[in-house]
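What follows is a set of structures to go through.
Okay, so chain A shows up in both of these, paired with chain B first and chain C after.
Up next is the complex of A and B:
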């Protein structure tokens, strides 16, 4: 356990070095958020139909999305990709750590460290100047924290499954291209899930992707009651466990048939 | 001049042959580009299903805005991909080699990579454009068709100009600057909708500073025959993109002149 914690700590220190990149990232995130807010505003202005979310809630949802974007599993760890391509993965296999958990820790640091760095200023600026609201109650806020933790472990477990597939495909570009739209649509990044047509809702509700983003945001907004957040957290953990089991099984197969590339 | 074109076509051939070496990956990536943008349009469709209309614009009209800007951006990514990776050339000092050759530096950089898989994005924008035009019931005339092509070309010039400015910046900063993505990717995002839905300051910025309006509301208002359309301004608007490209080329020239090799 100590080894894994040390690993996470080391990765955090590496990733927190990129402060200029983070500043640029914050600017980009704010700009894109602003475009999205203006588009929604225009839509709300042109229709009096009751909508699944109020305009004020949408604005908060968008800024939360811009702040938490880094948590979404949309890209692979390029170091791991290179290791598999160059054959250096054999060094990883020699280490006295379980390969799955080792890489899981890397994935965890890769998702959490940059997000910590970016989300705080984005949320602060959005709350001060751009119309983002605080949660309606303390309980909602706590529920949000809980389900965000659930989202982090879920996202890492999902990303690990994609990473393990690299043992078969090596390049990973194709799989990344295929996974990205799935995450983009079904997590609520493209559009808050409530806005998709009613007939899609059962599917959206069943899939694990809503736990990656939409669920924590709805808890934050109070649309999912704080008490309801606990069983929802349980569902996130169930999906996480399923992805971990699948990932570990595949990894065991993958390492058995692994041909180290290069020499 | 003639000779430069021949050289560029030669570069083009090499680049395409190189990409065809990884055929399976090429096909997958092309399909990938196709779907990532299709999904974007699905999102717009879902919004219209909920709201009905957007400040007097219909989904079919938005389809035209969407396809023009996406086509322009895809064409830019296809032909100006070399500018995207250009900062690496400055950082490593490899730009020296380009300066030694008796040809324009810009030609060499543009020729270094032509990314054919962006075809996926173009292939996706085309049916949406046709569907949009058909549903709106555009009464076509040679002038309108020309204007639509002009709008796409103007948008492409504008984006190439932005890519060029971004690349030129690396002469001063050495490092690549992600921040310019705001204008390229953010501009595409913005111009998928008519500019008149945005706040005034935003609209002014994208009309007079970075003239996205040249591939957006100015020509499309004329094609869609919206009230208040100004045919003359619409017809001239693609030139704004060209003008922007010209300014960017001047900046590039300045950058090349002050280039100081990193020497490694």
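Up next is the complex of A and C:
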């Protein structure tokens, strides 16, 4: 256990070195957040129909999305990609660690460290100047924290499944491009899931992706009652467990067919 | 006690083949052809505790495949393999705790972090106690002169410095077995000597069992009493360096520095191997002509300034063995 924690700690130290990237990331996310807010402003002004979310809520949703963007599982760990391509994965396999959890720790650090660095200033600025609201109650805030933790473990487990596919494809470019729109659309990043047509809602509700982003945000806004957050967290964990089982099974097969490249 | 037992190890890889050019690429989409590569073709050997064995062979001979199988990285197609009584790929985690590994062409240190942070990370991964870590680090720092390097980020180290740090990283958990895969590749003469000296110390003083793969025959001559030569996935030779020499060739080389560059030299029992100005290298079979006789005959007939006799360099021996095997 200590080894895994040490790994996460070391990854955090590496990732927190990239302060310039964080500053640039904050700038980009504020910029795109403003554009998205303006789009919705235009949309709300031009539409007379009742919308599934109030304008105030949508602004908060957008800023939460900008702050938490880094948690979404949309990109692979380039170090792992390089390891598999170059054969450096050999060193990973001579460690007395379970490779799945070893890489899960990497994925965890990769999602959480930059997000911690970026989300705080983005949320602070958005709350002070850009119309983001606090949760309606403390309970909603706690529910949001809980489901955000659920989202983190879910996202890492999902990303691990994608990572394991590298044992077959090596480059991962293709799979990454296939996964990105799925995550982007079905998590609510592109458009809050409430805006999708009614016939799609059962599907959206069933898929694991809403737990990655839409769910915690709706808990934050109070659209999902704080008490309801607990069973929803359970569903996130169920999906996480499913991805972990699938990832571990595939990884076991992948390492058996491994041809350590080169050397 | 045998530390390592390998019996009839076979490993085949399936390699996807694609014909060259555009048409080949298109055909590859529809129909994949696979070629089977026999990396190991029935390799067997045993290593006793405290042995230092050189494992050599040309590129693609199966050296790294063997080492990676012993390290639990690769699963062989068939055959038996036990290290300290464990099957590497079956009990990988327990197995690798007993193992130090250095792949000379790669680093196990974290590129972005100071060396000491990588070492501390490895300490935690291997569960080394604080007391043992402190003692080991002190010893390794002294032996490998790491003093100033520990706080340097790995990306700023020279290759020789990096290799010393990599050696330290592989030994923090005091493994009884060490695999060194080309540890001197690309190093300058001083760094090579430092690495050799250190490996020798580990083997002699601490009784670490070492498998050393290398292309550097000086490594072999300096370190190994036993040499296993592999080619085409099979073991070509296994024994002491002297036995290997005897098997391949008994010839000696006589090197003469003549007084005169233009002098033509000839002898019925010796063959001229090469000639650089004054220096002539002859090879002869001491069973056919005693060395002393040949020398007295030549020095009587030709004005010789200096001379010495030597064994053919190990490179030569190995190259001959490879050629024999290929033929």
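The rule is simple: the second predicted complex is superposed on the first by the 263 of 263 C-alpha atoms of A that agree within 3 Å, B and C clash if a C-alpha of one lies under 4 Å from a C-alpha of the other, contacts with A are read in each partner's own complex, and residues count from 1 in each chain.
Following the convention adopted for this analysis, contacts are C-beta pairs under 8 Å (C-beta built on N, C-alpha and C of every residue); 3 or more make two chains touch, one makes a residue touch a chain.
Since we're looking at a predicted model, the values are computed, not measured.
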Query raised in the report: Should the pairing of chain B and chain C on chain A count as a clash or a fit in the superposition?
Result: fit
Query raised in the report: When the two structures are overlaid on chain A, which partner does A:168 contact: first (chain B), second (chain C), both, or neither?
Result: neither
Query - Partner contacting more residues of chain A (chain B vs chain C) - result: B
Report task. Can you pull out the angle centred on chain A between the C-alpha centres of chain B and chain C, to the nearest 10°? Result -> 90
Requested in this report: Identify the partner contact of A:2: answer first if only chain B is touched, second if only chain C is, both if each is, neither if none is.
Outcome: second
Report task. For A:256, decide between first (touching chain B), second (touching chain C), both and neither. Result -> second
**Report entry** After fitting on chain A: smallest Cα gap, chain B-chain C, Å
**Finding:** 6
Report summary line: The intersection of the chain A residues contacting chain B with those contacting chain C is none
Query raised in the report: Okay, in this complex, where on chain B does chain A touch?
Result: 25, 28-29, 31-33, 35-36, 39-40, 42-43, 46-47, 49-56, 177-179, 181-182, 186, 189-190, 193, 197-199, 202
Report task. Going by the contact rule at the top, pick out the chain A residues touching chain B in the complex. Result -> 21, 24-25, 27-28, 31-32, 34-35, 38-39, 42-47, 49, 51-52, 171, 173-174, 177-178, 180-181, 184-185, 190-191, 195-197
Report summary line: Note: in the complex, chain A contacts chain C through residues 2-3, 5-7, 10, 13-14, 17, 86-88, 90-91, 93-98, 255-256, 258-260, 262-263
Query - chain A-facing residues of chain C, complex - result: 13, 64, 68, 71-75, 92-94, 96-97, 99, 101, 103, 105-106, 108, 110, 112-113, 117, 120-121, 124-127, 181
